[in-house]
Structure formats: C-alpha cells, structure tokens
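This report concerns only the one structure given below.
Residue numbering begins at 1 within each chain, and the chains themselves are lettered A, B and C in the order written.
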Amino acid sequence: MKKLVFSALTALTLISSAHAQQVVRIGTLADYAPFEYKDASGKLQGMEIEIGNKMCAAMKVTCQWVTMDFDALIPALKARQIDAVLAQMSRTAEREKSVDFSRIFTTAPVHLVAKKGSGISNQPATLRGKTVGVQTASTHESYFRNRLPTSSSGINVKVYQSLDSAWLDLESGRIQAVFADSTVAHDWLSKGGQKAGFALAGQAISDDAIFGAGTAIAVRKGDSQLKAQFDQAIVGVHKDGYFQAVNKRYFPFSILPQ
Amino acid sequence: MDQLALLLSQSWPVLLDGLWISLQLLLLSCVLGFALAVPLAVARSSPRRWIALPSRLFMSAFRGTPLLVQIFILYYGLAQFEWVRDSALWLLVGDAFPCALLALTLNLAAYMAEDIRGGILGVPAGEKEAATAFGMSRLMVTWYIVVPRAIGISAPTLGNEIVLQLKSTALASTITVLDLTGVARRLSIESYTTDALLLAGLLYIVIAAVLSLLTRYGEARLNRHQLR
Amino acid sequence: MAALFDYSAQLLEGAALTLELAFTSLCFGLLLGLAGAAAKMSALSWLRQSAHLVSNILRGIPEFLILLICYFGLSNLINTHFAGTLTLSPFAGGVVALALVFGAYASEVFRGAFLAVPKGQLEAARSYGLSRWQIFWCVQLPQAWRICLPSLNNMWQNLLKDTSLVSIVGLEDMLRKANIAAQFTKQPFVFYAAVAVIYLLLLAVSNPAFAYFEKRANRGYASPA
C-alpha cells in the first residue's frame, strides 16, 4: 500500500514538474521611474518591466519580480535570493569580476542635473566645494570615487540608497547636483524638475572604463544557460521592433544599443 | 579572522572617522538630551495640567514611534515645506549631521524624562517637607532638592539609556551621515562581503563595554554621599 | 493629502507585514529567551558563560547592524552552502535578526524572573513528587511570567518599533511603502506622519492588552494598598 502511494506521489511530482515552467526570479528596483517603479496600487510598472515580461514570455519561463535597493542586487544574486538582475545595471569590467552579463540591453549616457544658472557643468572645477548626489553602488558613485576623489577635486559626494531621495534633496537645496543616467534625469525633469528650475548641466560625461558600453541583465557567474536564454530574448525584442515601440512611449530619444 | 585583520589594516582611517562621528553624535545627544529631559520631567510631574499636558504629548509622541520614522520626518518630511527651507529651522535640519543629532536628542530626552520622572516620584516626601518647613519656595525645593535627588535615584537607568543611545546613533547612517555603521555599509558594498559590518559590530561592543564601566563609575560617584 | 488616500491600501498592506513580522519574531524571541535563560542558569559553566557572552554581544551591537549582518551575511552563508535545497527569504532574515535581539534581552528578563520565584515553591513541588517538566510548567512559569510581564511589555514595544528597520533592507513594511510613496508623490511629510500615527495606535493598543495580561497573572495576589 505504502509503495503504491509513494510511486503515485513520485509520478505526480514528475508529471507536474514536467509541465511546470522554469521560474526565474528577477531582482529590480521599486523606485527608479520610468524603468521600474511601483504605482499607487503597489503594482510594478515601467519600461524594463514591460519588456522584461515580454522577454520572459518569449523564453517560456515564469518570471517573479523581486524589488530591493540597488546595492543589494548583486549580493542577493550571489546569495541565490534572485536568479537575474534587470535594473539598468551597467555592464562594467569591475562588475564582471563578480557576475556574468547578457548582451547589451540599453544604452545609458550619464549627465549632471543642477539648478538653471548655477554655473555647474561637466567641468570638475565648477563642482568644487559643492555636493553631488549619486545612487549607492552605481557607476556614477565609482566615477567620483575613482576619477574625482574629494581630497583632490574638492567635490563632496553624498550617496543615497535610492535615487529618488537624491532628487528630493536636490529640490530642497541640500545638494547642488545629481549625477545619474540621462534617461531618468529626463524623466524627473519632465515630471516637475524643469518647472522647479532644474536642467541638465553641461555636456554628457563619457568614460567607457567606468560606465561600460550600456546596461545588461546580470546572472550568477557560470549560469551560462540563463545567460543564453536572455541573450536570445534580447535579440528578439531588439529585432522585432517591440523594444523601439516601448522606447518611443517613454522617451523622445532612443536607448537602443547600436 | 585574517580577512578581518586585512580589512582593518586597509580601512582603519575611514573606520576611525566613522567612529568619531558616532561618538560625537552620542556625546552631544546625551548632553543635550539630558538638558532637555530635566525640564520635561519636572513639567510632566507638575500638578498643573496646562504644564503637564504638552510634556506628556511630547513624551508619548517620541517614545511611541520608531526613531527611524522620527529621523525621516525631520530630514525628508520637513524639507518638503518651502517655509521650513527659508527659516532658521533649516540650519538644524538642512544638513544631515545636525538633523540626525536633533532627532537623537529629542528621542533621548523623552526616554530620559520618563526615567527622571520615576526618580522624582521616588524622592522621599520627608525631604520635600523639610525643605518647605525651612521656608524654601516651591521653585527652590524643585531645583535644590527634588531634581538632584531624582537624578541620583534614576542614575542607573540613565546610565543604561546612554549605553543604549550608542546603538541608536547607528540609525544616523540612513540619512547619509557617515558614522561607523555608514562607513561599514560602504565598505561592505564595495567588497560584497559582510566583514566590514562584523568589524563595526566588534567596535560597538568594545565602546559599549567602556561606556558601561564609565556610567557605573559615574553613578557611584554621584551617590557617594548616600549611606549604603 | 489626497495622495495619502490613494496609497492607503498600500500602507495598510505594509502595516499587516509589520505586524506579521513582529508577532513571528515575538514567538521565536520568547523561545530563544527561555532557552537562553535556561542556559544562563545551567550547572554547566561553559554553557552559562557562552550564553552570557552571546547575550551581551547581541545587546551591545546596534539592532540595525545585526539586521544588516543577518540579512546579507546569513543569507549568503545559508544560500551558498545549502544551494538550492534551503533558502533564507528576506522575511526570514528579518525575523532571525529581530528574534535574536528580543531573545537576548528576554533571556536576561526571564533569568531574573525565574530567580525571583521563591525557592520554597520549588522545594515543595519536588517533595510532592512533581516531574521536572511539571515543576517548570505549573509552578515556575506562571509565577515568573507574572514578574516579567512589565519588562516584556517594554520589550514588545521596542520590537514593534524595531520592525521599522527592515524597510532599510527592502522588506515591504509600512515604512518602506511610505518611502516609495513619499518619493513618488514628493510629499514625504504626509506619509511619514501617517506611519508615525499608525505606530502610535499599534503601541497604544499594546498597553491595555498587557494591562489585561498583568491583571490575569496577578489574580490571587493581594493588590498593593
């Protein structure tokens, strides 16, 4: 009798697992509009969520979105709390020491944002004595840490858990500039930042070694199967025009990698 | 173990900087908090309702809500208002360090006031009666007899509060203050390990132990005239 | 103010998680506290001393730091060594941290309470032939419980307030929901004040609850004149 029940249960689990889809837990942010953010009803929305869901459908996997702070993403990936990271994370040589990345997903030029007429531009001299806000564990933070350390440049850097807190402090005058991706900067400016008297300051800053070629999806080191699946899915949305269509709805400029 | 030693040898300057910020927050909030707590406790123990009520409300508000929420209200919440940004209040809550200090001070004052209030209730009635019999006014009785006695009675509890306050200072790191916890988090993020956090924990324990000894010595000295 | 109404469902959801976290941590914390107290009163000196050491360490490190260590370090440890078979969820990480801190304080409180039970009671129970378990459950625990209730009330209130710390590691409690809402609507004061009010209410409910427990525990004892 016991043997019968046991074999029936095993058969059941085997059958169910054969039909069960692979579950991929994707780590992302909850406060990084317009790429990923939670609306008033707590639903995760945004450009990367939309495209991410489309890619998961194409990959025939069930995706579970898990939100956390940016600096917790890679530790969570390594600790197996999540299987992938899709949070506008730039593919840099530094990060590739700890995780594997898919092919480039979006481009992410970076810019300073400051009050109009404050005289701040991408020239380091204009920032001397001022405070710049950056997101924790971001390439923007390492740019200042490696290229313009406070001791030599006189630029104070305030590190925030979430970029949204940095925007709040910029508006209230606690910091004089925010250094972030042009995309989120554009979004913040269009949703009230411009009205409050802020604008993009100076030229876009480029530094391939620090900022990498663009953003990509991160997976655990050695997880080549998942990486290949994401690579294929990214090629899919880039080629069939879905990416461009969603891009157009969020930004007046394209962030499709060349 | 050797990883911790390596971390210590590489990052001890920043850790020391962070530790100094933590100690500054601790010492300043304890001194200012105590200074605020005494009048709060006296007001709370007053038989006149119009004096006792504001004190009661203040103490309930700061003891009944988490310190983290208080910090966020003072730092992010107040910054929302234009009139705050233009006023003298901005000097207090504009920068992260003074704002954290303000939150820690107000919070500690509420807890200390409750302890001192207990001490006030414990002042022997005979001493108060003797003072009144000598012709001291109510104010003199309060200032010369009740308050010093109450502080002496509540000294052990107050000492405990000081040691607990060290742990509360760790929350300043949530509003970008680079105290010991803030520095440890930065280091931990850069290395993807928790070694820096463990090291910070060790430092906190050592400081807490030293503080415990100091406060116990302080209590003994304060009550040295008491017959044991 | 209208924004508060939009997010009210979210805040209540966060409040539910806060309570879930608090009660779960309370249960485990009480168990840890009892175990710790037993260890501290044990005849084995190594057990006594290590229990004291662990308790002092947990009471000396900021709760915030313990949470960070448990959330990042413990998760890392468990998930890499038990890869796949056992995972520590963020919620569990939070519970572990809060329960450890509560247990460390509770072990001190329970130890004091058990020591305060009159020795005569234990002797009488033993001479009646009650088993060790019966002595613990029927004689020691009810009397110690009565003594430690006021301190437990204090510790419960601290636990409830400490749950706000999990918002920093991303758990979607009340404060985290308020963070997201505050940043999105640019009205931080409204949301943080709302969270403060909810905490006040929760704590205000705790006091009469504990008063009821104390009254029940103190039945049969003469009330002080």
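Criterion: a residue touches a chain if its C-beta (ideal position, glycine included) is under 8 Å from a C-beta of that chain, and two chains touch if they have at least 3 such contacts.
Going by UniProt, the chains are A = Transporter substrate-binding domain-containing protein; B, C = ABC transporter permease subunit.
As the structure is a computational prediction, the values presented were derived from the model and not from experiment.
Counting steps between touching chains, the shortest path from chain B to chain C takes 1. Each chain gets a centre from the mean of its Cα atoms; the one farthest from the centre of chain B is A. Highest C-beta contact pair count among chain pairs: B-C. Mean C-alpha position of chain B lies 23 Å from that of chain C.
Rounded to a whole number, the gap between the C-alpha centres of chain A and chain C is 36 angstrom. For this pair, chain A with chain B, the centres built from the Cα atoms lie 39 Å apart.
Touching two or more other chains at once are residues 76, 79-80, 174 of chain B. For chain C, residues touching at least two other chains, in rising order: 72, 76, 168, 179, 182, 186, 188. Touching of two or more other chains is recorded for residues 75, 78, 161, 165, 168 of chain A. The residues of chain B lying in touch with chain C in their complex are 60-61, 64-70, 72-73, 76-81, 166-171, 173-174, 181, 184-185, 188, 194, 197-198, 200-201, 204-205, 208-209. Of all the residues in chain B, the ones that touch chain A in their complex are 76, 79-80, 85, 94-96, 174, 176, 186, 189, 192.
Residues 71, 74-75, 78, 98, 136-137, 158-161, 165, 168-169, 172-174 of chain A are the ones that touch chain B when the two sit in their complex. For chain C in complex with chain B, the touching residues are 56-57, 60-66, 68-69, 72-73, 76, 161-165, 167-168, 175, 179, 182, 186-189, 192-193, 195-196, 199-200, 203-204.
For chain A in complex with chain C, the residues that touch the partner chain are 30-31, 33, 37-38, 40-42, 67-69, 72, 75-76, 78-81, 161-162, 164-165, 167-168, 171, 192.
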